Structure formats: C-alpha cells, structure tokens
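Shared chain: chain A. Partners: chain B in the first complex, chain C in the second.
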Partner chain A sequence: MATPNPDEIEDDAARGAGTVRARLVRTLSRPRTALGVTMGPGTVWIAGLLVAPLVFMLAVSFTTTNLTDYNIIWEPTLARFRELLGGSVDAGLLDGGSVVLLEVGSFQLRATAFEKAILLSYAIATVTTLLCLALAFPLAYLLARRSGPLVKATIFLMLLPFFTMYLVRAYSWVLMFGSKGVINSALGAVGVGPLEVFNYGVPATIVGLTHAYYPYMLLTLYASMDGLDFSLVEAARDLGASRIDVIRDQIIPLTMPGIVGGSLFVFVPSVGAFITPQILGQGKVQMVGILIERWVYESRLSLASAGSMFVVVSIVAAMVLAFRYVELDELGGA
Partner chain B sequence: MLQDDNGTGSGVSTGNGRSRGRRIDRRTYLAGAGAAGLAAAAGCTGNGGGGGTTINILTWEEFREMEENIEETLDVSINIEASASSSTMFQRWNQGADEEFDVVVPNNNLVPRFLESELIAPVDTNAVTNYGGIYDKFQQFVDQQFTRDGNAYGVPIRWGWYGYSYDTRSVPEHDPSYQVVFEDDYVDADLSGNIVMYDEANKTMPVAALYLAEARDDPSYREALEGEEMTFSEEQINEMQDLLVEQKSRLQGYISKDPRFISGFTQGNFLVGHSGRNETIEMRTSGEDWVEFVVPQEGAMAWYETAVVSAASDDTEAAWEVVNEFIAPENGAALARAGFSPSCNPDVADQLTEEQNELYGRISPERLEEFIPLKDIADDVEREYSNAWNNVKAA
Partner chain C sequence: MATDTDTDTEPDVADVAGSRLDHRLVDRLLRGSLYTVAALIMLFLWVPLLIMIVLSFADPATTLAGVEELTLDNYQLAVSDENMWSALRGSLAIATASATIATVLGVLASFALTRFGYRFLNVFRTFGILPMIIPGVILGVGLRIYFREVFAREWLGLVALLESPTGFVPVVLAHSVYGLPFVLLVVTARLYTFDESLESFEDFIRALFLTKFSTPVVTQWMFQQIENLNAPKLNPVATMIVAIIAVALAVAMNVGNVTGYVAGTVDDEE
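On to the complex of A and B.
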C-alpha cells in the first residue's frame, strides 16, 4: 500500500474544514436558522420553565385538592376563587370574609384572609418602593453629577450587601428590632424607649425589604441619570427656574424610565416577599407569599395555585399600566 | 448483530468498523453494562457501609446518632435522609418516595394519612421485639390512632409535650395555666407584647380549645381533642378563632422554628412562650437556668414520632428490625441525648445518667395520663379549621 503524502492530507483536511465552515456559515445565514439558533434555547427555556409551570398552575387553580390524601381532583371548578374572595365570585372583592380590614366607630369593612393579605402586600410593597425611591434618587443624582474614585467607592459600598446572602441580611435586622433589640435598648438607655414601632411587625418588614431592594432602585436610577444632559438643568436654572421646578419639570420627566424601571424591580419582588416578613414580621405580618406558602405546606395546592394566579394577574396588570408610560427598552436608561 | 459489532449501536466500537482491541459481543457488553449500572446504583443509594441489605430511611436529623450502632448490630447498611417536617415526609411518600425509602418516621398525627393512602405495611411483631417494652399509654395510642383489623401500622419511637415556658426573672411564680397567655391580669407582670405562640394551627388551636374548656366550664372542647381525630364543631372553631384574634394584640409574635424560639427567648424578646419541653431543656443544658417549663392545669398536647415501613419495601423484615433498634435501650439513649426528648421505651432510661434522666430520660407513667396526643382535624371541618387559622394570622 502506498504511503500518503502528509502535505496532501493537510490540504485535504484544510479544504474539508473550509467546506464545513462554509456550509456552517451558509446554514447560519439563513434567517430561519439564525432565528432558531439565537432565540431557540431561550424560547425552550421560557416555555419549559416559565410558561409550562404557569399553565399547570392555572389548570390546578380550577381544581380541588383532596385534603385526605392530598391528590388533585381534576374536575373544573371555581370554588377555589370563591374561597379566596369570600364565598361568591359574583360578590367580588371585599364583600365578605371574617377578618376586619378597617374599623371606624361602628363601621367595619371585612375581608377574607387572602384579600387582606394581598392588600397588605401591595401596601407594604408601595411604601417600600417609595422609600427606596426617596433614598436612592438624591444619591443617584449625586453619583451621576460627580465622577472619580469617590463615586466608584460609593457604588461599591451600595453593592456590598449583595455579596452576602439575602437570608443573612434579613437576619441581621432581627437583632436590631424587637423589644430588647439594639434599637429599643439604645432608646431605652437614653430614656425614650422602648418604642412599639421598633418591635417586629410591619415597620420592621418595610425596613428589611427597603434594605434588600434598595440597590436595584439605585443602580437603575443611576443608569438613567448617567445619560442625562445636565446642561438642560443649567439652562433651566439660568432661565429662572427654581431647584424644585428643575427637579419637577426637567429631571423627573427625563429620568421617568429609570424611576418606573427601578420601581418595578422593587415593587414586584416586594409584593411576593416571603423571607423578610417571615423573619421580621415574627409571624404577625401575613403577606400574600406567606399565606400561599402555608397553603402549600398544608397541601391545599388548588387554593395556593388560585392565590398565585391572582397575584400573577395583578402584577401583570400593574406592569401593563407602567408600560403605558415607558417603553420596555427604555428601562434602566434615559 | 453484525451491525452492533461494527459499532453503530453499542458504543464500544470506534465507529469506523474497526474494533478498539478485543471484540465484545452484545451479550457480554450488556452483562458488563448491567453490572456497572448496578454498581453505580448501589453507590448512589449509599450501599457499602455495613452488610448486604440497605435500608433507606426518611427521618429527623438526630436519628443519625444511632446509624453506626445499628449497622454494626444488624449487619445492614443504613442510609438516612433528614427531613424537618412530617407533612413533607407524607407528601414525598405520596408522590412515590415510598418506593425509594423503606422507613419513615413522621409525627403520630400523620400516620393515619399514610395508612389511608395504603403506603405502609403492618408491624412485623416478630421483628419488633422491643414493642412490648414501650409505655402502655403509647400502645393505647397506637390502638386508637393507627390500628386496622387488629394490625398496628406504626411503632412509637420518642415523644415530647407542649406547655409553656417563662422567664423566672420577670414573671412571678404562679399556678401553671394557659390563662397566662390569654388574660392580662393573671400574673403580676406586664406581658403585653412579651408572649409568643407556635406558628402552627395544630399546636396553637388546641391551646385555645383547652383554655376555653376550663374558662367556660365546657368539657366539649377537650372531648373534641380526645378521639381518633379532632372533632370540633364549626361554632367551636369560630370561638377558638375569636379568642386567638383577641389574644394577638398581646403577642410579640408567632414562632415556627425551635432555634428561633431559643434565640429570641435568650435575647429577651419575650417572657412567656408556648413551647415544647425539649427547647427548654436545651436552654437549661446551655446554662439558661432562668427558664422554667410548666404543664398547664388545662392539659397539654403531646407528640410522638412513629416509625412506619413502606408497603413497597423489598425487605420489610429488615426494615422492622431497624425500627426495633430505634427503641432498643442503647440506641434510644443516643437519640434521647441528641434531641433532649424521652424514648417511648422506659428501659432507655437505664442507659442515661441521673442528670439526663431528670431532664428528659425517666418519665413517670402516671404523667403520661396528662397528655393528649396531637392529631389531625376531622375531614368535615378541615377547611373551616384551616381558614380559622388563616383568619387569626391575617387579623
């Protein structure tokens, strides 16, 4: 048998490789293939891990769970939604239930545990978002106007909590709050405490959530303000606008995408918060995530699914409202 | 056959028709692959510690303390997976883990669910030779809660009970009563905002029932706790809910995990806490001698963990032999020391020191009469019961 020339083998290999590469480039150049390669994995991922579970959850929300063996009975029913809303779907929200929502003199507004939990969650998430916004806005403005090592150090310090586990951050507040916590002990030492507001409960939960989600707001606002043309601010000031006028008429409208984006990043996870209210609410603050988790623990999966669907739909509605004011691609930058 | 030999199917060939060394026929390959697979599976299931039989157990962390001794005694391999919740144990088994595990050790109130779902096998009385040694009271509980057609389906392993503990530095001595957690003026101390309750319906709702039974001189609340399951009426559930809602403003909070109870109590965040006895013993063992645990005059709920064996187990006899070891004196003592909870076998006390016996080892059989075992709520009021607790938490 004749021995092949090594150079010929290399040439053949190079031609072969060139052919394969050319064929690959041609294949990938086709629009459908390019679309499949770029969007395919993401689509499969979203379909398998987001859409499919959501569809399953939606289906389960219209079923009943057998409370003896915890199996799902696959017969369509609206009973779980009735249970959420106080007995009757037709009655709608806040038209029944065993929990006092509001009491003024002899007037009482009653709700179901779920209705109260979801309203409480929205209230806590709203306050948390406003607090994050109020605290992050001035700092983001300052960081956008200044540059240098101080800015970098500040951003690093703001991100520092991210380097610790969320659970650890929540637990760090346990020592601060409580009747014998650091805050009340310090207040007691100077003769003004202990104060109820620094016990575990809603205020402690809001502080914990604000601490947890503040960086999301700060970074989004900073990204938005960093692209701001500050000569407009100076022009407005030259033309006689007060500082308040400039903030109201120039800065806020120009940074609105950042405000909306940051608010979404804080509001959405705050509504479904579970760990922080569990730890800092000391079991007395029943946000919707905690209620749904208990239903799962009790294996009332149909009710938990119905409650979750309610939360998903309400959050999507809030996002649709938000996107009336900003475009998706504007979030995070002006 | 030729096709496989040439490498298009089996994967042992190089793919170009040339074998890499000795040719392997399909039969040899399959046998080898099967052996390798079995070896790998055995590795995954943890085989290799003791003898040829492996018993997979889903149970509480402290059970690991007995693992080595049981393996030596029975010449079996034990593979323990820890769980922190009886409900989770049931859910997993109900979703197919009964094929994976031979033994599970849930709290007694969950055993009827395992039984109703036909997941467990009757006790092999020939294998569980220590069964006759456990307290008579627990044998009665077994008869009451999970015996069907004359067959018992579980073996009580260890137990404990709930009452309340208080900080003796701030709360004066008093007659033990749940009034302390429901009434403002029961003791001469300001307890508002200084009380915690368990964050679990099945532990806190019965406290309300026991209190109402005494406060209203209405024994029906207690009677509802004493059957095979809790049989409260809807009206009673509403009364319990109202009581707990009214109590809520006096609470510092609800606590779900023992470590949080201990850290909160030690930190001084509350003065009175609805608790299990073992948490208090753990605190006293750590030097916190200011904490006092009492059993209220209204009565107390008790828990006991119960070992059951899967009906799908390949070796139920070996599984029951392992369960038998859980209540053997030496192993039971190791478990008691790890969890500060007494064994259901009183002979275990002989293996403990005098101090350990005083804290959690030796319990007079008469004391057992004070306790009511935890149990599930009756099916017909389960939603009402669960909703009542949700309402309490939402109030």
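On to the complex of A and C.
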C-alpha cells in the first residue's frame, strides 16, 4: 500500500533522500497538507454517509410521502408525528387506532401501536442492558485480576462466539426457543411440559439481544478495569472497608467510564434492533425497528423517518451522556 | 515490618479473630461463586452454538430429542443450493470492497488523530465511532432515502451507480461506514500506546473488525431461510461459518499483526 507513514516520513526527511518518494514525503510532512490528506477522505465519508443521511432523514420526517408515486412532497408538516402519537389520522398507520396498554379495573391506559412499540423497545433495551451489565461485571473483574494461560484460553473461548456472525448467533437461539425448540422439547422429555417462557416472544428476544451485545459490555468494562489499580482496593480493605463499601466507593466510581460506555453500546443498538425481534419474536414482538422496516418496505418514507427519530433521540442522549461522563474515544480504551 | 506486627496483634481481640475466619471463608466462597458465574456465562455463550453444530449433522434437524441418525445429508443439501453460492459470491465482493475503503480511510485518519491536537479531531473521533452503536435499521433507512432522493437526481451524474438503493455501490458505501469505527479503534490503539498489556484488548478489537466485515456474507440468503425456518439447510451453513471464523480468529490473534505493519509500529521493532 502506498500510504505514507509518518514514522518513515520523519526518518526519510532527516536522511534527505532526493527521490520522488522523498519529495512526496516532504510535501506530506507539512502539517496542513498532512492533515488534509489524512483527515480529508474520512471527513468526506462521515459527513456524506453518516451525518448527511441522518439530517436528511430528520428533514423527511416533517414531510408527506405521496403514496401513489412514492415521491416526497416537500411541505413542512407535523402530520407524521401526529399519526405516530395520536393514532392513524389519515390511515397512515397499518396498525392504527389505539390498543389497550394497561388495564387496572375500569382504568384503561390506551396507546397507539407505535407508542406501544416505542415503550416495548425501550423496556427491552433497558432489561438487556442491565442483564449484560450484571453478566459482564464479574467476568470483566475476573479477567482484569487474574492472568496466565488459563485466563488467556478463557478469553479466547469467551470471545469466539462473539465473532460469529450476528445472524448465526440469533439463529442458534431460534433453534433453542419455540414450542418445539430444543429447550421445550427437552423439558417435555423430562415431563415438565412445554413452557410459554421458552416460546418465541419477548423473553427470547431479550436473550438473543443479550447474547448479541454482551461483547461490547465485556470489552468496555474490561478495558476500564484493566487499567485499574487494585492496590487501592486492597488498601481500602486493609483500612477496614467492607466488600460492599469497596465496590460502591472504589470499583464502581473507577470503572464508571466502562459502565456508561458499555451501557451505551448495548442500549442504543437494542432500542433499534430489527433482526433479533424479527426472528426470535416471530411476529409477537413489535419493536420499533420492525415497524420502521415495514414502512420503508411499503415506501412510507416520511413515516419511517419520523419513527426513526424516536430511536435517534436515544443516540443523541447517549452522546450527551457520553460527553458528560466520558470521552467517547475512551470507551474503546483507545 | 511495623505493619506486619500491627496486623499480627489485631487477632488478640476475639471479635476480630472471629470475623477474620469468616473473612477467609467468605473470600473463598466469593471466589468460588465468581468462577461459577464465569462458567455459567460460558455455557450461555456456547450451548446454543454447540447444539446448532450437533444438529447440523442430525436428522431431523430441529430438536435433539428426536434425532434418529447422524448424517452429512444436510451438508450435501446446503452446498447444492445455487442461491447460497451466488449470495456468498456477492457478499464476498461487498465485504472486500467495503473493508478496503474503511481500512484506507481509517488508517489515514488515525495518523492525524494520534499526532495532532486540533479540536475538530475530537468531533471526528466521536462521529467516527458512532456507527458502532447506530442501529442498522436506522442508518440503513436513512441511507436508502438519502440515496434515492439526493443521488438519484440527475445533477450528480451518479444515477447509474446509485440507481438501485440495494445495489452494489450503495451497499458497499453503507458497509464501509459501519467498518470505520473498528479500523479507527484498532489503529489508534496501536499508535497511542506500545503497552503490551493491551494486547488482548487489541486482539479483541481486531477480531471484532474481522467479524464486522464478514457480516454481509450470505446475510440475505440466511435471513430468508430463517424466516422459513429451514433448519436442514441453515445448520450446516451456520456451522461452517462458525468454523471459518474460528480459524480466522485464531490466525488474527496469533499471526495477525497486520494492523501493526500497516500502522508502521511493527517494522520499527523488527
């Protein structure tokens, strides 16, 4: 690859070689040119393929899509958001109208299908995040404190499943769950009978998401604990702090960047999850990603954009939180 | 030494001595439960994959309980599916192209990120890592609408390249954006620090990077099969993917100093 390497640049410039390469190297050594060459392409890419589409989607969410020729009518309107939150105003929502969300006695809390999907998505993402945190914390602690070949082997075995394709892992849970799945047929053989919990649905989706995003949590927690000075913990213990004190006053504050970072990396993708609820919910788990995908499929672009904004909100919140507690680049331990 | 005598005299108080015995027991119990939790997590991670692998050799291919015989028939069925092969070819092309783009962009940007201190670079870093958490549906939908509305207009002359929102070029572009965070993380980690203790962390990222680009491979074909719950065909294909990734991961973790070479931190030492 012809990518000039700054290390070599400096070396060669010092040697003063007079080749074409050296001249190229000298040009590239000027900070301004170097900055342009190194950052330019990436900046164009991020601006054009990440920021622009999201801004564009924000704009489209305030428009109307003509449902006969699928063109976007560029007149600002709040109608899509009203449709999403108030039920189907002009038959925009397939599952329009409201459904009963909660019924206590004669009290009924009603919500539109979309509101229900949003609540469900955020609830599932919250549970998934907490599960990942609870499962990753002890392991990250163990990995950070111990070393040796056994730990190396453990890390390898822990990591291997994560590198398998997302879809393959989700599919392996398709086999496990279901009324005739591995779990339920095993239970049936023992005589416990098929249990509804192990059918496709919300529990299966949560398990699938936890399995899918666990590595992000483990990675960020491990990265923040790896740099932790455990002699502090021992000192606190020697000075009479209880285990709970140490965890609350030392370990948790010191690993806060990892906790916040890991939670973001699990929560945000879970809110907008599509594949997992689709194949592990088998139509029973209407998360927001599924609705959005369906609207795009039906070319309801404005509605899909407006719906997406409810997930983008979580991304923005995540970024604010990240800046508040931790530099985002610290999250990866870089 | 003084502290030693200090701690030695403490157990004189019967109360403390009692709690110290407890302490050791609790310690052992805690360590034991920590290892138990780790083992349980390992089971959670592996059991579904292992069952899938076993089922790939089984007939019928859906539940362990009813397995009548072990056979290679499922593999025969899977490899004779022409659609699977064409999906694989298309996906490999997409993965190669998008990984190349992301690697070039990411390595270039990493130099500046580690060498200069401009404020703008922090913004870049944040946005560069952002694709790691943006749900696929959201950016996918955004890009699809964006390509259709912005580039499908004649003014950029890109109609031919971008006319189909699910065509080769748009998909490669989308995947290159998704790969960028992983390149940035690996290469900046390499350039920032020579700390060897970070090695396993880097292995992790490197391998994650590898997976990220293997993701488009046969995704669409698989998704279709899953929707139809076509276990006999899916189990062998999924098993082969696990096997390929295991080999690739082992190579990446042991031989794979690729990023080191590209980043120029390895040839200095060798």
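As a convention for this text, the second predicted complex is superposed on the first by the 279 of 334 C-alpha atoms of A that agree within 3 Å, B and C clash if a C-alpha of one lies under 4 Å from a C-alpha of the other, contacts with A are read in each partner's own complex, and residues count from 1 in each chain.
Rule of thumb we're sticking to: a contact is a pair of C-beta atoms (placed from the backbone, for glycine too) under 8 Å apart; a residue touches a chain by one contact, two chains touch by 3 or more.
The model shown is predicted, which means the values in this text are computed figures rather than measured ones.
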Dominant toucher of chain A (residue count), chain B or chain C: C
First (chain B), second (chain C), both or neither touched by A:Val37: second
First (chain B), second (chain C), both or neither touched by A:Gly240: neither
First (chain B), second (chain C), both or neither touched by A:Asn199: first
Which of chain B and chain C A:Pro253 touches, first, second, both or neither: neither
Partner chain in contact with A:Lys180 - chain B first, chain C second, else both or neither: both
First, second, both or neither for A:Glu298, with chain B first and chain C second: first
First (chain B), second (chain C), both or neither touched by A:Met319: second
Which superposed partner A:Asp69 touches (first chain B, second chain C, both, neither): first
Footprint overlap on chain A, comparing chain B with chain C: 175, 180-181
Chain A contact footprint on chain C (complex, rising order): 26, 30, 34-35, 37-38, 41-42, 44-49, 51-52, 55, 62-66, 101, 104-109, 111-112, 115-116, 118, 121-122, 124-139, 141-146, 149-150, 173-174, 176-177, 180, 184-185, 188-189, 192, 197-198, 200-201, 204-205, 207-208, 210-211, 214-215, 217, 219, 222-223, 226-227, 229, 231, 234-235, 238, 241-242, 245-246, 248-249, 253, 262-265, 268
Residue numbers on chain A that touch chain C, as the complex places them: 1, 3, 5-8, 31, 34-35, 37-39, 41-43, 45-46, 49-54, 56-57, 60, 72, 135, 138-139, 141-142, 152, 154-176, 180-182, 185-186, 188-189, 211, 214-215, 219, 222-223, 226, 243, 264-265, 268-269, 271-275, 279, 289, 292-293, 296, 301, 304-305, 308, 311-312, 315, 318-319, 322-323, 327-329, 331-334
Chain B contact footprint on chain A (complex, rising order): 67-71, 83, 98-100, 113-114, 116-117, 175, 178-181, 196, 199-200, 281-284, 286, 290-291, 294, 297-300
Residues on chain B engaged by chain A in the complex (per definition of touch): 85, 87, 90-91, 94, 113, 116-117, 193-194, 196, 199, 241, 248, 251-256, 264, 267-270, 379, 382-383, 386-388, 390-391, 393-395
